[in-house]
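We just call them A, B and C in the order they show up, numbering each chain from 1.
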Amino acid sequence: MTEPVSNLQSQLESGKFVVTGEIGPPKGVNVDKCLHEAEAYLKNSVAAVNVTDIQTAVMRTGSMAVSHLLVSKGIEPVYQMVTRDRNRLALQSDLLSAYVLGVRNVLALTGDHVAMGDHPAAKPVYDLDSVSLLAAITNLEAGRDMGLDTKGNPNQLDGAPRFFKGACVTPCAEEVEPQIIKLEKKIEAGAQFIQTQAVYDPAAFEKFMNRISHLKAPVLVGIVMLKTAGMAKYMNSSVPGVNVPDAIIKRMADAAKEDRQKVSIEICGELVAKMKHCCQGAHLMTLGWDHCVPEIVKAAGL
Amino acid sequence: MIVAELKPFDEIMAMLAGSRKVLVLGCGSCVTVCLSGGQKQAEELASLIRLRSQQTGMDITVDVDCITRQCDKEFFDNFKFDPRGYDAVVSLACGVGVGFMSREMPDLRILPGLNTTFYGANTAPGEWKEFCHGCGDCVLAWTGGICPIARCSKSLINGTCGGTNGGKCEVKPEMDCAWLLIYQRLRELGKLDEYRKIRPARDWRKDRGSGVRRLSRQELSQIDEEPRQ
Amino acid sequence: MNVGRGNLCYNSVALREINMAHSDLTSRDVASLANPAGLMENQYAPCRWACPVHADVRTYIQLVAEGRFAESVDVIRNRLAFACVCGRVCHHPCEKNCRRQDVDEAVAIRELKRFVAEKVGSSGCTVSRPETQNKARVAIVGSGPAGMSAALELARKGYRPTVFEKHHLAGGIPMTAIPKYRLPRDVLQMDVDWIVAHGVEVVTGAEIGKERTLPSLLKDGFAAVILATGLASSRMLPLPNINHPRVYPVLDFLRELAFDRQPAIGSDVLVVGGGNVAMDAARSAVRLGARRVRAVCLENEQEMPAWEWERTEALEEGVTFIHRRGPVEVVTDGGSIRALRTRGVKSVFDADKRFNPQYDDSDIQDLECDTVVFAIGQAPDFAFTHDSGLEMDSRGRLAFNPLTQQTSMPNIFACGEIVTPPGSVVEACASGVRVAAAVDMHLQTGSIRFNDALPEKIGTIPAVTAGKVLKFQRQAVDIAPANERVAGWSEVDHNLTEEAALGEARRCMGCGGGAEVMVDKCAACMTCVRVCPFGIPKVTDVARIDSALCQSCGICIAECPAGAIISRSLPVGDVQMRTRHAVELLPAGRKIVAYIGGFKASAADWVGQSESVEGVAKVYLASTTRLAVSDMLHALTLADGVVVVGCGQGLDRYPQSAGRTSLRVDHARRLLQSAGFNANAVQISLAAHEGLAGVNEAIRQAISQMSQP
């Protein structure tokens, strides 16, 4: 495990403050728009671009295909993989497929329940969870899969992949200790970098980072771009572990409609600026406003 | 115990289309305890069927009976009315009773009056909650007695996901986050180390994974007659 | 003639076959009983247990509560011939044992018996005279409670009893010795007439021992003779001047008054004695106009055997008491009585609590008076048995076997105070009933074998349960003021009004008539445990309900999902059966069933004689706690709508009635709605406590709600 397998990994290992972005594949086969967003705004601003996997259980084109297309455009993807929809056979197979298609960064997630999405009647799988998925990836890297041959020994792979494995955590969860313990398990299972759920409270984040100072994996703090005050309020009430302070909501509410984007960029920039001293990077989730990423990076003073 | 609920009435009536003589058969076990399928509920359903019959001129006659259980065939000796005399039997047993009676009395049309939902316990007067999934591989020893398979919406086994909202599961706001409960319980018991352990991927064969399950107690098998010496 | 809903019909044969030990009732047992009421025969409520005739108090009080007065009297008269008399004078051991006193106060059982027996009279209640009465003729000597009760029982069994009464009026002591202010003559006559209607021949003015003797009766064709002459003579003392015309043996004194003759008295009457009969004499003397009436007795206030209320009422009427003095001599002066010479009494009872007065002869005092009545006890008069061959015992009393109630001659029996210790009217009746059974066994089989063992008595109610029973004040009887009372012979206390009687009857807890679990049907689901407002059911293997504690609210019966609980005091399926009958009586057109909690309803309401609403079948229930959801839906298959009229919050006899009724109606409506029916077909109104007008208005309003979609 000496050579970094990806640009993201080498940048993080170099100690630089790393910024990552995110795109979501379309509900349909017209992938041009999201590819264009990535190319136009992210390629030169961020170290890697996350591709979401059927995010919030809303059916979309798969993250593997779009990750591969990013690779072909010279953009480094972070292939997000949830355990909600596929059993261990499919997950292991997709990992090998992703590797073969040039993907190196993978973010192992449990995934939102089908009840949150637009196919609530679907059967949730959750054969593995985020911890056992990370273990499975680590296992594949060691040239094994999870099955046994006829003699009862683990199967040997004909060619093993190597990934840069990521996990997520919710720093501002109401009960933080269970999150931290699980994070420890994820790292023990093989997680090498962390991208967090959205944080709007630098003081709380710093406290969290102090509590996990014993963990060695680099942390990229998550920033979700606010589009309206209403969106902020919705996140407060409905998204667990995300707390948007009233002051920020007020800034969004007070902004004139045409100024919202500008204010939002400012807010994001300030947040990154305030937190960058205690983490190793920022993960920007701009929800389609990817054109703002360069300005956020600038506003953050990076 | 097994918890079940009465099916929508229209669905029951649709099943009864064409039937003139109907027997509503309650079960004196779990479904009596959860007030869904006992003698009283059988009488209530019978009244509703009669009402529908009166209002639409369907001319259905309905009888009511209830036996101790519908999952052991010895109880079939206690019928007040011979089910063979009916076009349809609406069984208010859980799915087990419906299926078992259908198997034992294949000439009869046994219809399910209930939807069987979960294994549960009584948590307040009139309230039952799901406690067990029947996964075949009980982990309650290291989760402080709280089942992550039944009570976590995602059946996770390594701890909370990111969806704990105010102590509740974001899937169903009235549901507690089982893993938060497990964490709190283990902390109270001084056993947080159990939470820290990585639990490997589950063997789902003990659940539905390997098909229909059975329990065999060989010590109760039929004994052949021994030849007299 | 039958007696209503079948509460009285129990199959005692089936009972013997059921092992009733500790509530292991099964559904098969219930199916084999005509009526679960038979289950109550295995365990007596304390009132019934204490009653000398073991009248079914619980049942007759429940019938009063439901306005079914004639049926109530039938239940009383099933065991007690002298229902009206006892309603006036009984010493009510039932009330002393009534478990309601552990909640608030005993139920006024005697007043309720009086109310209902006098309201129905002799013509309103059933005469169960058998069609053929051709068994042997039996002669009874004496027409008091013992003799007449014996005669009634024999008539019911098909015998031909003839009662010989020496006076010209029948009734015995109630007629000759209980003053009319305590027992009006027409009230006694109701009982006598009813008894006679059963084919009992009463020959008055016929003193046995004169033209007819005991041997002559037997020769005349009476297969048996029952002696029932009671305590016919007053005890007197061999004192100087005891035979003065103004010295009255108390029975002679009272008899004069009974026969509407004025016994000649002076103005200063002294009654000797401390018992009830002495009180009767003293209070009668007041009414005769004596200026001063005093009672002197050996006992002190606590030892006096008279009932406390007799003493209190006598005091109010102006009688004064002198305690701890005994008579020595009637002192005369020139032909008139001047005083009663008395001596002091040191003690009355000895260490063994036997009557053994010790006198102080140095303490002599003359009590001024001009008339003396000796009420120091009564004794039987055996003169009429002389030359009959009957043996006497060593104490000069009739030789008598209390087990068989035979004298020394096998065909001559005895009952009542001629052979028992002094007792009350009801005890005399019990003795008479028993001797009739003895005579019957003797004449039919030649051997007399009684099993006098009683069923077990229901135990006391623990404080924790008693504390949960809602309290209601006992109805007070209206007593005339003393100055009105002494002006004449009218009754001292008045009957309860009908409303008061219904209210009082509804205080009865129905001990032993409550819920019982059929163990083969119980799923141990805990529903009964959770819904009982009194916390009574306990689940061990199955649910067990202590019949001594159950308050008969019926909530568990209605809620039990297995239908595993029955009521001992109601036929199974009672509500649905009554609903069917009531709906059948409605004319064609829209039909509504109204279930009404009857706690505040009048008698006329209960028996269907008060104003109704057109097209509405009213079914009265002790409380809507008894009405199940399945009953409401069943009613809808027979009618177009159901109105449930319960009592308002906290106004029913049972706790949680309004809340429980509301929950059930909501559930019924939900079921209807989910099945695509009009949920408004079931309506609820909590107006049952408002009287007939309020109830009818509530029903009309509910009906108008039904047509809303």
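By our rule, a residue touches a chain if its C-beta (ideal position, glycine included) is under 8 Å from a C-beta of that chain, and two chains touch if they have at least 3 such contacts.
Owing to the predicted nature of the structure, the values given are computational and were not obtained by experimental measurement.
Of all chains, the one whose mean C-alpha position sits at the greatest distance from that of chain B is C.
More contacting C-beta pairs link the chains of A-B than the other of the two pairs A-B and B-C.
Here the chain at the heart of the structure, going by C-alpha means, is B.
Inter-chain centre distance (chain A to chain C, centres taken as mean C-alpha positions): 88 Å.
Note on chain placement: the centre of chain A and the centre of chain B lie 41 Å apart, centres being C-alpha means. In this assembly, the C-alpha centroid of chain B lies 55 Å from the C-alpha centroid of chain C. The residues of chain B lying in touch with chain A in their complex are 153-167, 170-172, 179-180, 183, 187, 192, 195-196, 198-202, 204.
Against chain C, in their complex, chain B makes its touches with residues 8-10, 28-29, 32-35, 38-41, 43-44, 47-48, 50-52, 54-55, 66, 68, 122, 125.
Within the complex formed with chain B, the residues of chain A that make contact are 84, 88, 110, 112-113, 115-116, 124, 126-132, 135-136, 146, 168-170, 173-175, 177-179, 181-182, 184-185, 188-189, 197, 238-241.
For chain C in complex with chain B, the touching residues are 520-521, 523-527, 530-531, 560-564, 628-630, 633-634, 636-637, 671-672, 674-677.
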